[in-house]
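Common to both upcoming complexes is subunit A, partnered first by subunit B, then by subunit C.
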Partner chain A sequence: MKTSEASRHINGTFVAGREGDREVLGGYASDLLSDVMANSREGDLWVTLQKHVNIIAVAQLNGLSGIVLVNGRTPEPDAVARAEEAGLPLISTKLQAFDVIGILYSLGIRGRRQI
Partner chain B sequence: MIQEAFESTYHVLGRDFPNAGRVSTSIKDTLKRMGIHPLVVRRIAIVSYEAEMNLVMYATRGKISLRVSLDSVSINVDDEGPGIPDVTLAMEEGYSTATPEMREMGFGAGMGLPNIRRNADEFDISSHVGRGTRLYIRVIQAA
Partner chain C sequence: MYMVDTHVHTCLSPCAELDMHPAALVDAAVRVGLDSVAVCDHNSAENVGAVQRAARAAGLAVIPGMEITSAEEVHILGLLPDLEAALALQSRIYRALPGHNDEEAFGVQVVTNEFAEVLGFNDHLLSGSTTLTVDEVVGAIHDLGGMAVASHVDREGFGIIGQLGFIPPGLPLDAIEISRHTTMPRARALYAPRGEYPILCASDAHRPEELGGAATFLLMEEATLEELRCAFAGKNGRTILGGGRPMEDLALHILDIAQNSIEAGADTIRIEISEAPGEDRLEIKVSDNGKGMDRETLARAADPFFTTRGTRKVGLGLSLMAAAAQATGGRLSITSSRGEGTTVIAEFKLGHIDRAPIGDLETTLMVLLAGHPGIHILFRHRIGKRSFDLDSADLISSGIDVSTPSGLAALRRMLRKGESDLIERRQAGGASGSH
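After this line comes the complex of A and B, so read on.
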């Protein structure tokens, strides 16, 4: 499933990086950047409420398939600019993290961190 | 395949949150272009990102040097800053001196230095209070 399709299922709006649409290979949810760096996998869709510019570098470095901002949070302007520059899908949804993750899980998207 | 060592040095300014992550992104792109194994690229990306964020959060300024040789990739970090009074404590998972503002941004989980060490085949840290901190990390490339 592509990022854009996942976005539709969670009533998401693309805030940036629509042309960077790519295959979602899994999911990761966290608001701690070091945790995402350490534990997310390439192709994961990242669910978070962090909306500042530094989330973009984390997603870029780990080759994530996009970032979903929950609770209707809108990213800060420099985050939008950096996501556009990186061609990284940045999606905002009014849904809360619990529901977003539940929907994505029901679509077959799974966490892939090895325990 | 690279024939000889490649070296590059990047500069990071303390408190420069708007540009934080650019150096590690650039290092990752460089390694990918050189055809370095994806697992090595991933480990160096984590190491350089955490090191860069430590410079941004705590140092006045610092340098991150990348060195790629036939058998390994290494990162040297050298900063001017407050230094770390108790390095053993700083290496503990969960220990952090981040401000409340940094924590709200999702930093300061006390995972930075442990993440660096976990991803390094060779790791060395030394710090002088009031002067700065040095880090050395080496990741071996499988033959």
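After this line comes the complex of A and C, so read on.
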């Protein structure tokens, strides 16, 4: 499934990086960026409420397939600019994290962190 | 030289203990030998004035501050030039801080005066997050002439690296702070390998007994924000000499003993640290040519409730060192005679699980050599047969003048190299060979 299709299912809107649409290989949810750096995997769609510009760097670093901002959060302007520059899908949805993750899970997207 | 704890809370912080009222905080700070503290309660400065008034008679300098929680749940300390600026920042923060405190859930937020009398309870949700981003928090602090310090960057929760993955490039922080869980050398390597940020060690004390658990040593003329600013920037002869855990690190016990020697009028101090892995032995010896002690004083020297120092009500130094040695099955001995000097020898089992870490000897030497340039220091750190030796009388001939910023930088490089070369050999198991 592509990021854009996942976005439709969670009533998401692209804030940036629409042309960077890519395959979603899994999912990760966390608001601690250090944890995301350590534990997310390439191709994960990341669900968070953090909207600081650092989220873009973290997503790029781990090759994530996109970032979903929950609770209707709009990212900082510098985060939008960086996502646009990087061609990284940045999606905002009014849904809360619990519901977003439930929907993505029902679509077959899974967490892949190895314990 | 100033020993400063730049991050302490009062009973206003919901997570702090009730007995951390201003007078108790000041007593505890003076007892552990602090010259200054910065009062940084969560999102409020309402007890700063009371701490300042409580501290006046004790001669403790109080820097007004606040620990602000950003929208990203990052803790940023604002250190401010005066109470007025702190209260102005507080108004700014209160406007951006939603919610009300629930005392059952988060604890009480006690506003108190300098006599430990309760004036009221703060109703703001001080344990909550403001709606300000880290950039806005740093901006608000700078707008009021303050300095912004990232709190406990070594902690995952509420530390800027834990929350945001890394320190956002371009965020104009004035310094970063480490907790007592990280040593200065490790912090330099991890967070500021190219000297990007000045590093402060602070206790983040929420209880009186935690005060001074970590502290920073600064070379400056007085404990004010402007002097701190110069020290952070290494300007006008001001500098950060180092930091660590005064209650734990042997390096800082050594510093404490050497400072006793200086108080006793010594002009020559010999410090020898001998690690003998083959014999599982660590010996620390500090000897001076000060005025010495008579028999009666000597008998009481390691008693924790005895001190000759005016600045300190309890002589924690020698008693702590004695306890640290005894915890490993070792001992502390003091020999002294009037007019001839004093020698303190502490013996430890090197590999004992309870042996306190040696800590950052660079801090010890920077404080002694830069803070007391008139004192002749002879230093030797020996590991097996190798050693790092330093004689302060040779500094000038090596082109190091500690009264200049370049001299301080050169001294720091020399100490860092000397210690790291020696420790690398220890780690390589290279205790053999000769010096």
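We adopt the following convention: the second predicted complex is superposed on the first by the 115 of 115 C-alpha atoms of A that agree within 3 Å, B and C clash if a C-alpha of one lies under 4 Å from a C-alpha of the other, contacts with A are read in each partner's own complex, and residues count from 1 in each chain.
Assume contacts are C-beta pairs under 8 Å (C-beta built on N, C-alpha and C of every residue); 3 or more make two chains touch, one makes a residue touch a chain.
Note that the structure is predicted; figures quoted are calculated from it, not measured.
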{"item": "Superposed partners subunit B and subunit C on subunit A - clash or fit", "value": "clash"}
{"item": "Partner chain in contact with A:56 - subunit B first, subunit C second, else both or neither", "value": "first"}
{"item": "Subunit A residues touched - subunit C or subunit B, whichever exceeds", "value": "B"}
{"item": "Which superposed partner A:1 touches (first subunit B, second subunit C, both, neither)", "value": "neither"}
{"item": "Partner chain in contact with A:103 - subunit B first, subunit C second, else both or neither", "value": "neither"}
{"item": "Contacts of A:34 with subunit B and subunit C, given as first, second, both or neither", "value": "both"}
{"item": "Where subunit A meets both subunit C and subunit B, residue numbers", "value": "31-35, 37, 50, 52-54, 57-58"}
{"item": "Subunit A to subunit C touching residues, read off their complex", "value": "31-37, 50, 52-54, 57-58, 76"}
{"item": "For the subunit C and subunit A complex, residues of the former touching the latter", "value": "72-73, 133-134, 156, 161-166, 168"}
{"item": "Touch list for subunit B against partner subunit A, complex", "value": "17-18, 20-22, 24-25, 28, 38, 42, 45-46, 49-50, 53, 105-107, 109, 111-112, 115, 118"}
{"item": "Interfacial residue positions of subunit A with respect to subunit B in the complex", "value": "31-35, 37-38, 42, 48, 50, 52-58, 60-62, 78"}
